[in-house]
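What follows is a pair of complexes built around chain A, which joins chain B in one and chain C in the other.
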Partner chain A sequence: MIKKFVYSQKVAPYVFVLPFILIFLIFWFYPLVNSFVMSFQDKMLGQDPKWIGEANYSKLLTDKVFLTAIKNSVVYMLGTLVLLIPFPMLFAVMINSKLMMGREFFKSSFFLPALTSVAVAGTIFRLTFGEMEGSLMNSFLGLFGVEPIKFLKDGEWSMAALLILACWRWTGVNMLYYLSSLKSIDNEYYEAASIDGASAWQKFRTITMPLLKPTTVYVTTISVYAGLAMFTESLMMFNGNNSPKNIGLTIVGFLYRQGIEKNKLGYAAAVGIILLVIAMVINLTQLKFSGMFKKEED
Partner chain B sequence: MNNFISRIVIICLFIILFVIIMIPFYAVALSSFKPGESLIRYGLNLSLDFSIMSFDNFIYLFTGEHDYFVWFWNSMTLTIVQVVLTLFVSAFVGYGFAAYDFKGKNFLFICVLLIMMVPFEILLVPLYSLINDLKMVNSYSAIILPGIANAATIFFFRQYLRSIPKEIIQSGRVDGANEYAIYFRLIMPIMKPSFAAMAILNGMNSWNNLLWPFMVLGDQSKFTLPIGLKTLLTPYGNNYDLLIVGSFFSIIPIFILFIAFQKYFIDGMTAGAVKG
Partner chain C sequence: MKKRSALISIVTVLIMSLVFTACGNPSDSKTETQQLGANAGENATELSFWTFVDLHGKHLDKMLGLWNQQNPDKQIKLNVTVMPYDDMHNKLLLAVTSGKGAPDIADIELGQFPKFLEGDNVPLESLNDVFAPYKDVVVPSRVEIYSKADQVYGFDYHVGATLAFYNTEILEQAGVDYKTIKTWEDYKQAGIKVYEKTGKYLGTADTSATWQASLLLAQQNADFTDENGNPKVNSPEMIKAYEMLVDLQKNNVIHTIPGGQPDTEEAKGEYNKGNYASALMPEWYMSRFVNEMKDLKGKYAIAPLPVFEEGNPRSVGLGGTGTVVTKNGKDVQLAKEFVAFAKLSKEATTEIWNTLGFDPINMEVWKDDAVTKNPDNEYVQYFKTNAFDTLNEIKDEIQAIKSVKASPTISNVFNTVTLNAIFEDGQDVKEALDEAQAAIEQELK
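The block that comes next holds the complex of A and B.
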């Protein structure tokens, strides 16, 4: 009887998606709701919570360290958007053009940095941006007569170092996203444009860029997400969650500091909720303006 | 002529980019032959100083007293178990979404998309307190379970399976196979290439994952490779000798995997981005 029930065509789909429902409820929905509840509490691990209303939120908005963390995360996110969308797009167009040679070779070698773990990449870049004269970046700058820079002690330089690390790791990946969508563009568009006497730039602007839009939307979405949630890069770069004057502190770094290091679970939960709201607002606005919702439904 | 110049410019640009991208790898490979003291003093650099270069770090890596290979082994087993379970479960779910129309499907699928859009990091604290309540701290199941129905992987399989002709499922039903037999006997064999792509992608993520395992695992004998490497740098002293050669050595397995399965890697990377 039970067997017949489970085997029926009506019930089978639910059996197939059941693992997702369970994992979603236990490890996603419950923690999320719990996070929301906790954000109105004063709570330590293993202790009974105390209701304090919106005190965590009002405290956060005046917490200078938190505002620094938000600023760092937002600057980092904007930096990755500016650097990791136009350039990979341009490189993809170039690598895809008939003029290019050794396409496969460049494609795979640009992808290699993405294979390294944050632990390894962070270590490499930490040592690359050492403050000594002989370390990689400073000895390179020394060639142009630049004095050694203390990259990881000055806010703007350390942001630059974090962004360089991001570019190193993700340029190749974003380039691949663009390449795969370039392949699906029909060559006839370009032939027609050539007959009309369009220049290479005009073709890029009026044909390539609009047709790459779905990919741009996708890459923007994941960049907003990853940029705002960045933490481990900074953790590795500064060898811990404490950077001088918090120059490398991100929103998640702040959340980690409060929730895990200081055991202020409620306060950290409120940080998580604020991050969620920021990420959702940016991404939903972005998706709305690019008209992606209609397509998502089919 | 114009084309010729453009070609030269493009190729030069890519060669320069290639060199920039390779410099960190080259510097690490080079530094793994230098004593740790040189790293402390000069940082990572490109100087080819044969007088200080030796195989000492490699000898230490393979014969010295440290936990490196324990971490390596832990990472290996964790990655394999995690990938096998995640693929098995996510493909199962992905098929459910692709092959059937059922009540609540749209709602559930929106949940999949939501997970993809919300930073996992916001759940760090409540998830940590949950696994603490479940007495799962310091266990690999706390790392494996939350990701077992991986949203991005489900999404990928669903996209992939939507292109499989419905006639296969129908013919299975006509032959009297039940719904699960159809999936396991008819559909799963067709999915092989997509399994390869997702295995590599999930394997890479799992092998390199740092933050969550770092929070969950307290016991040094359970550390994975990225955590182990991270702990080599402490405020009380840095073990650069092992760090640099260990970092170099940890990239190698994933490189080999990449070179062997390059095609699938790239398919896996891009499949989620392009609307199918």
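The block that comes next holds the complex of A and C.
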């Protein structure tokens, strides 16, 4: 009987997808529903929750600090998209080229920062961009007679510092995605193009880029999510969740401030739901326009 | 080819080992647990203690030695965990409110304390019974700040009386005698001279702490909140305070400091370099001088704060850490008795001065010259003047600033937005304070 059950063609697929379904239900769907319910409550740990309807959402819409957090996260996300898609793609093409010397060395050097703990990287960058004359960046600028800059007190400079940190950490990872994708492109396309007299740029534009599209879509999707959910980098860079004029506050930082630091779990849940909605809208739009929902042609 | 890949492997391993060594010592996020109570017997009760100040653990270690000697039938071993400030408070709040994973004893900073007292079910043990024997010898205002509805929930380490610390070496170069600084006008004139003669600043314009606002409000008998605990941060007193500070900043008497306030790593570096000639900080800042600004030994003198007009109160108790007992501990009564002994007894308060350099809340010690003027004490040796000479001079003038439900929000708005807007961007004081009031009211809605 058991054997029959296990070998049944009807049952087997369900058995195979069961772990995923369970993980999805327990770690994604249940918390999501719970958060959604909580976002309509005034809930603090250790106290009884009170049902307050949409009050958390209407408060959020007029909360200037939350709007600052959204702005920071969106600017950061766009910055990472602009920097962390074209450059890794370019580096991958360069490293993949037969003319490249020390290929393995560059591959591991680029990838190394991804293995470093964010706490360490953030702390090092905080010291690098410190406002003292002796901090690394200011000492360097001092060589050219530039007065010390208060990097982490200025919105634009600190965003630049965060983006530099993101590039330092993630260029190698995205580059590896592109490298593996480049390996799967058949060399015959390039040979044919060469016979037709195509230039290197033409080959890149008409063969490499289109064939890398699935990887680009994937990298864009995870970058949108990672950009909007950034928190630890900012926490380490500003040595805490409270940056001057909230220039380093992100949506997740605001959620953490409300939920963990202030124990306002209901309000924080509403922030989480809004973050989910923003990330979903951006990603679904992006996937729609990149044609990912179309059925693949045979 | 083989040689090349071997070389690459070696380089990679070297770099990786550097990276992982660095991972092992992230200075800002270190968490250490250490067991104290070496003299405790086998049957000792094991308790746990969380703190964010390494030195507090050292004090409890000394007190534990004494306790175990005096109470052979109730000996204790204490597992002390030191965590970074934000990290510890966040974890503790989650642990005590959820009822899981909290330590038996914990330190909670004054500014964070109201969060633990919110709602009807306070997750901390009332300490009233163990407090009773000490009621008459401690400063009442330092107990009230950790109380709710007649229940005491925490015992402080210190009064935190604000004092003026002057670098006499810099002041002498500028021809200024710190003893003549009585009012803010005197402070301004002294600062102008210091800047002209030495190019250094007399004080700091703080952008990430409200010590200055607190002391200037206390001198005007005002507070951040009204009698009902509602915020009033755009009051005439507050405007007067910050307009004066902006005037000092414009005259190069005070200047913003890296780190945003004197009690940060960057700022202590600046003090060590001699770039600022005074710190107007609570008495506990003495421990920062002794432990973290060793180059300045013998240069600093202690005096009362300058005031708006002579006759204004010259000090305010600032900062503070309440040691609490959580509700789900193993042996709550034992923990309570030990905390009272370790924080309020004569032995404890003597050690609080000897080890931590704090002004203890048990005032008996303040009058005991054998303790406060002990020539072997490193705090006595470090400073040119004795702290208790000044403390005893101003002891009846030490005001209190309330810590209420709105306090964490007020400091958050001030320390992130308002103070940066005033001192870094030069925003009009009244406008910045009006915006702060609106932001705080919105946040507290």
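We adopt the following convention: the second predicted complex is superposed on the first by the 265 of 298 C-alpha atoms of A that agree within 3 Å, B and C clash if a C-alpha of one lies under 4 Å from a C-alpha of the other, contacts with A are read in each partner's own complex, and residues count from 1 in each chain.
The rule is simple: a contact is a pair of C-beta atoms (placed from the backbone, for glycine too) under 8 Å apart; a residue touches a chain by one contact, two chains touch by 3 or more.
In this text the structure is predicted, and so the values were computed from the model without any measurement.
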Just to be sure I read the superposition right, which of the two partners does A:Glu261 touch: chain B = first, chain C = second, or both, or neither?
second
According to the stated criteria, A:Thr221 is in contact with first (chain B), second (chain C), both, or neither; which is it?
first
Go through the superposed model and pick first if A:Met38 touches only chain B, second if only chain C, both, or neither.
first
If we overlay the two complexes on their shared chain A, which of chain B and chain C does A:Gln47 touch? Say first, second, both or neither.
second
Determine, for the superposed model, which of the two partners chain B and chain C contacts more residues of chain A.
B
Quick one: classify A:Ser108 as touching chain B (first), chain C (second), both or neither.
both
Thinking of the overlay built on chain A, is A:Met100 touched by chain B (first), by chain C (second), by both, or by neither?
first
Let me test your reading of the model: by the given contact rule, A:Phe27 touches which partner, first (chain B), second (chain C), both or neither?
first
On the A-aligned overlay, A:Ile2 touches which partner chain: chain B = first, chain C = second, or both, or neither?
neither
If we overlay the two complexes on their shared chain A, which of chain B and chain C does A:Asn241 touch? Say first, second, both or neither.
second
After overlaying the two complexes on chain A, where does the chain B footprint on chain A coincide with the chain C footprint?
45-46, 108, 112, 115-117, 119-120, 123-124, 130, 132, 236, 239-240, 260
What residues of chain B sit close enough to touch chain A in their complex?
3, 6-7, 10-11, 13-14, 17-18, 20-25, 27-28, 31, 39, 41-47, 89, 92-93, 95-97, 99-102, 105-106, 108, 111-113, 115, 117-130, 132, 145-146, 148-149, 154, 178-180, 183, 204, 207-211, 215, 225-227, 229-230, 233, 235, 243, 247, 250-251, 254-255, 258-259, 262, 265-266, 269-270, 272-275
Which of the residues in chain A come into contact with chain C in the complex?
44-47, 59, 62-65, 104-105, 108, 112, 115-117, 119-120, 123-124, 130-132, 150, 153, 236, 239-246, 260-263
Note which residues of chain C are touching chain A in the complex, please.
5, 8, 11-12, 15-16, 19, 22-23, 26-29, 86, 89-90, 93-94, 96-99, 115, 118-121, 123, 207-208, 258, 260, 266, 269-270, 408, 412, 415-417, 420-421, 424, 439, 442-443, 445
Going by the contact rule at the top, pick out the chain A residues touching chain B in the complex.
7, 9-10, 12-17, 19-24, 26-28, 30-32, 34-35, 38, 45-46, 91, 94-95, 97, 99-102, 106-121, 123-125, 127-128, 130, 132, 134-136, 138-139, 168, 171-173, 176-177, 179-181, 184, 214-215, 218-219, 221, 225, 228-229, 231-232, 235-236, 239-240, 252, 255-256, 259-260, 265, 268-269, 272-273, 275-276, 279-280, 283, 295-297
